[in-house]
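Two complexes, one shared chain (chain A), two partners (chain B, chain C).
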Partner chain A sequence: MAEAEQYNFAYLDEQTKRMIRRTVLKALAIPGYQVPFASREMPMPYGWGTGGVQVTAAVLTPSDTLKVIDQGADDTTNAVSIRKFFEKTAQVATTTRTPAASVIQTRHRIPETPLAEGQILVYQVPIPEPLRFLEPRETETRKMHAHEEYGLMHVKLYEDIARHGAIVTAYAYPVRVEGRYVMDPSPIPKFDNPRMNMAAIQLFGAGREQRIYAVPPHTGVVSLDFEDYPFEATKAAAVCALCGSAESYLDEVIVDDTGGRMFVCSDTDFCAGRRGAMDAEAVA
Partner chain B sequence: MQMQALTGGFTDTPREAAIAFRAMLEAMARPGRIFDIAGATPPMPLSIAAGTALLVLADGTTPVHLAGAHDAPGVRDWITFHTGAPLAARGEAALAVGDWAGLLPLDAYRIGVPEYPDRSATLIVEMAALTSSGARLTGPGIETEHRLSLPEIAAFRTNRALFPLGIDFFFTADARIAALPRTTHVEEG
Partner chain C sequence: MSTQNPCRDVSGKPRIPETPLLSVRALSKSYGARIGCTDVSFDLFPGEVMGIVGESGSGKSTLLACLAGHLAPDAGEIRFETRDKGPVDTIGLGEPARRMLARTDWAFVHQNPRDGLRMGVSAGGNVGERLMAVGARHYGRIRGQALDWLGRVEIDADRVDDRPSAFSGGMQQRLQIARNLVTGPRLVFMDEPTGGLDVSVQARLLDLMRGLVREMGLSAIIVTHDLAVVRLLADRLMVMKSGRVVEAGLTDQVLDDPQHPYTQLLVSSVLQV
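Showing the complex of A and B:
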């Protein structure tokens, strides 16, 4: 028996997939609301994307093409391991090219290339509850969501302004979905927040915290702010040292032992695509 | 139990269920859009789409309510054999299937509670046909507007007013499926 045949399609058993699928449908029906689910142990530790992996396993079909990114990169340990996991257990095609992917599992970034209808973006989420660091009790945060009691979140943003003169929250910046639920967009940079208004389906899986939530396509996602301190999608004031893009989100990387550093695109596929296009132009 | 109850399930469950679920996922994410779904060959009057949806979603943890003409011995046996789902009254059901007249009244189904709005029923409404005409739909999942041949308007407006509580709907005809979550605004076409 070949190794691949020893696994059920996409690893999880059918009962588990049915449970996750029911959860995903309710999540889509109540955008931004965190639906509890019976998260399973996966063959990787919590914190390595077990929530995202379970959602991906439940939505994957045999004809899908899967892309996995970690902080925008296709070639980091987490992304490579998860891609290999599904190559082995679901025998799906994989890609690093954003437009070629039908399912994209992501840790902490939205790809630079706009996503289209027919694509599904699965986020790995560490702490799904946006109010958790303000109110540690689940019983209380659940009531706050039920009563739409989000004043505390605005107090937190206000304290940012009082202390620092600006809202310094730079990632996991809270959003309000369709004017109802306040949602943690996972630790994506706030640069990505406005890009959550998209044509693709967005699903969020938190394995350790046992929550799944979703944002359907063309759904209003608004970053919380104040009239006099409007939301700003910030990024490093630089251009990519490799492809020269001034629009993409940049990582600062240290390149030698003497303090040398440069800014490069966090989205490796976007950067490589631009450099490929430049090389092609140079040849032509 | 008739022999018919033992046949008509998926032949390759993991793959067929995954493909069928994708149609249901897309349908729920894009209310009013009609998708193809197949895999099951259930006994009459259950349509291919409704039978397949039940195989994708139902198991021993999801009480199923059979409404109207769907509460037939053949259907009961088929669902019991293939999913193991207990059959239940409206108020206990996680899933309900039947034609529109049989499923009414809607206020008998679970709509969730404020802390857990997800604890609500999903109704699978069997239709004679599904067309992209009639009621005008707007809301999450819809870029401008979608149209769907809904059985009526008022019930869905009442359900929308319950948000974030409420019931979520699938509509099925032959091997086609569409959905209407509680978030969708419904108006006369």
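Showing the complex of A and C:
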């Protein structure tokens, strides 16, 4: 038997996928609510996307096209290994082009190209509970969610302003989903927060913490703030050194050991697409 | 339920309010076969401060926890006079409404300020938490109120961004009081508020609490084993032993002319300086 045939489609057995799909449906029915699920051991360490991989495995069909990104890039270790994993265990087509993908698993970024209906964005989540560092008791945070007691979340933002003069939380910035649940959007930069109001389905998987939550298409996602300190989606004040984009989220890259540095798009597919278009124009 | 001012009668003259703020009937709580407290009944009127004294294990903390909704009593009735809905049964009220009461109309001052404060959050954040919990979303106003309250409990304004872990025990206790009173509650539960503080700090805290209670017209239930504290703060006194109320009455009356043998023992046990 060939190695690939020894695996069930997408690695997990059918009963497990069924269980995860049920959880996903419940999560979609209650936007922003963390649904517990029986997370499985995956052939990778916790913290490497075990939650996202299980969700991807459960939603993947043989006709899907998969894209995996890590901090926006298609070619970093985490993205490459997860893409290879599904190439081997599910034999699905893979791509790096955002519009061509039907399922996109992401670690800590939303692709720059707007997603369309029919696409699924799967996030890897390390800590699903937005209140965790303020209230360590799980019994208490569940009650706080149940009773909509979210004052504590603003205490965190208050502390930011009192100490630094502005809300300095730059990633995993808490949001309120459809006026009800406060949700951790996973450690995406707050630049991406406004872009969570999208046409695609967003699924969040936390493997170690055994929680799945979701934002259905066209669902209101509002970043928490104060009336006199409104939310601001921030990025580095520069343009991409490769493609010249002023709109995309930028990574700072150190290029030598004498302090040289440059800013480049964190979304490699978006950057390559723009450079390709510029080359085509130059030829024509 | 009439909506008129409870402190004035129909002709507008001040009167003793007739409806109690808190009314407790036959309250009991046991831990398996052991009695926590049993058959406790009393009324607390607006603006009144009641002390509960007794030895360790007499059931006073159990009683307070039942009243504040931290423990579910086995039997009995607790009725609280709410601002909008009149008297409600707080036991059958349901958790969301009871938790709402606990952060608006009620306040709970713990013996150990570490139980009542968030030690990792600045003093201003601690005071502002209750405001944010009831929907305040304007940073400037929250901070203004926090500074105002720090002033009222005699904490310097330049300590507003310090964490409580950098405060002395007395300051932590004053901060806890500010954090509790910022939303203007009507009923304050205090569990040994001066325990663990040295006498000069105790005196200052008592002075402060007496001022706040009078100024805000608070009702309070103070659990303590320190008779000097109730002498200073409480209008009325309940003496508990083995889970039962053995004597109740006006503070001076109970302390100066104790009737029950246990109360006599308690009063005579106070060390004279």
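Annotations
Keep in mind that, in the parts below, the second predicted complex is superposed on the first by the 284 of 284 C-alpha atoms of A that agree within 3 Å, B and C clash if a C-alpha of one lies under 4 Å from a C-alpha of the other, contacts with A are read in each partner's own complex, and residues count from 1 in each chain.
Simple rule for what comes next: a contact is a pair of C-beta atoms (placed from the backbone, for glycine too) under 8 Å apart; a residue touches a chain by one contact, two chains touch by 3 or more.
Nothing here was measured: the structure is a model prediction, and the numbers come from that model.
Taken together through their common chain A, the two structures put chain B and chain C side by side without a clash. When the two complexes are overlaid on their common chain A, residue A:A172 makes contact with neither chain B nor chain C.
Taking chain A as the reference chain, the count of touched residues is higher for B when chain B and chain C are set side by side. In the superposition on chain A, contact of A:A79 is made with neither chain B nor chain C. When the shared chain is aligned, chain C comes close enough to touch A:A162, but chain B does not. Look at A:K143: by the touch rule set out above, it reaches both chain B and chain C.
Between the Cα centres of chain B and chain C, as seen from that of chain A, there is an angle of 80°, stated in steps of 10.
Contacts of A:V68 after superposition on the shared chain: neither chain B nor chain C is touched. Our summary of the superposed model lists a minimum C-alpha distance of 10 Å between chain B and chain C. Across the superposed pair, chain B and chain C both touch chain A at residues 143, 146-147. Interface residues of chain A, counted against chain B in their complex, comprise 8-10, 14-15, 17-19, 21-31, 33, 35-36, 58-63, 120, 142-143, 145-147, 178, 180-181, 199, 201, 214, 216-220.
By the touch criterion given at the top, residues 13-15, 17-19, 21-22, 24-26, 28-30, 56-59, 61-62, 94, 114-118, 120, 122, 139-143, 163-164, 168, 181-183 of chain B touch chain A in their complex. Across the complex, chain A meets chain C through its residues 134, 143, 146-147, 149, 151-152, 154-155, 158-159, 161-163, 226-229. Those residues of chain C that touch chain A in the shared complex are 95-96, 99, 118, 121-122, 124-125, 128-135, 137-140, 142-143, 160-161.
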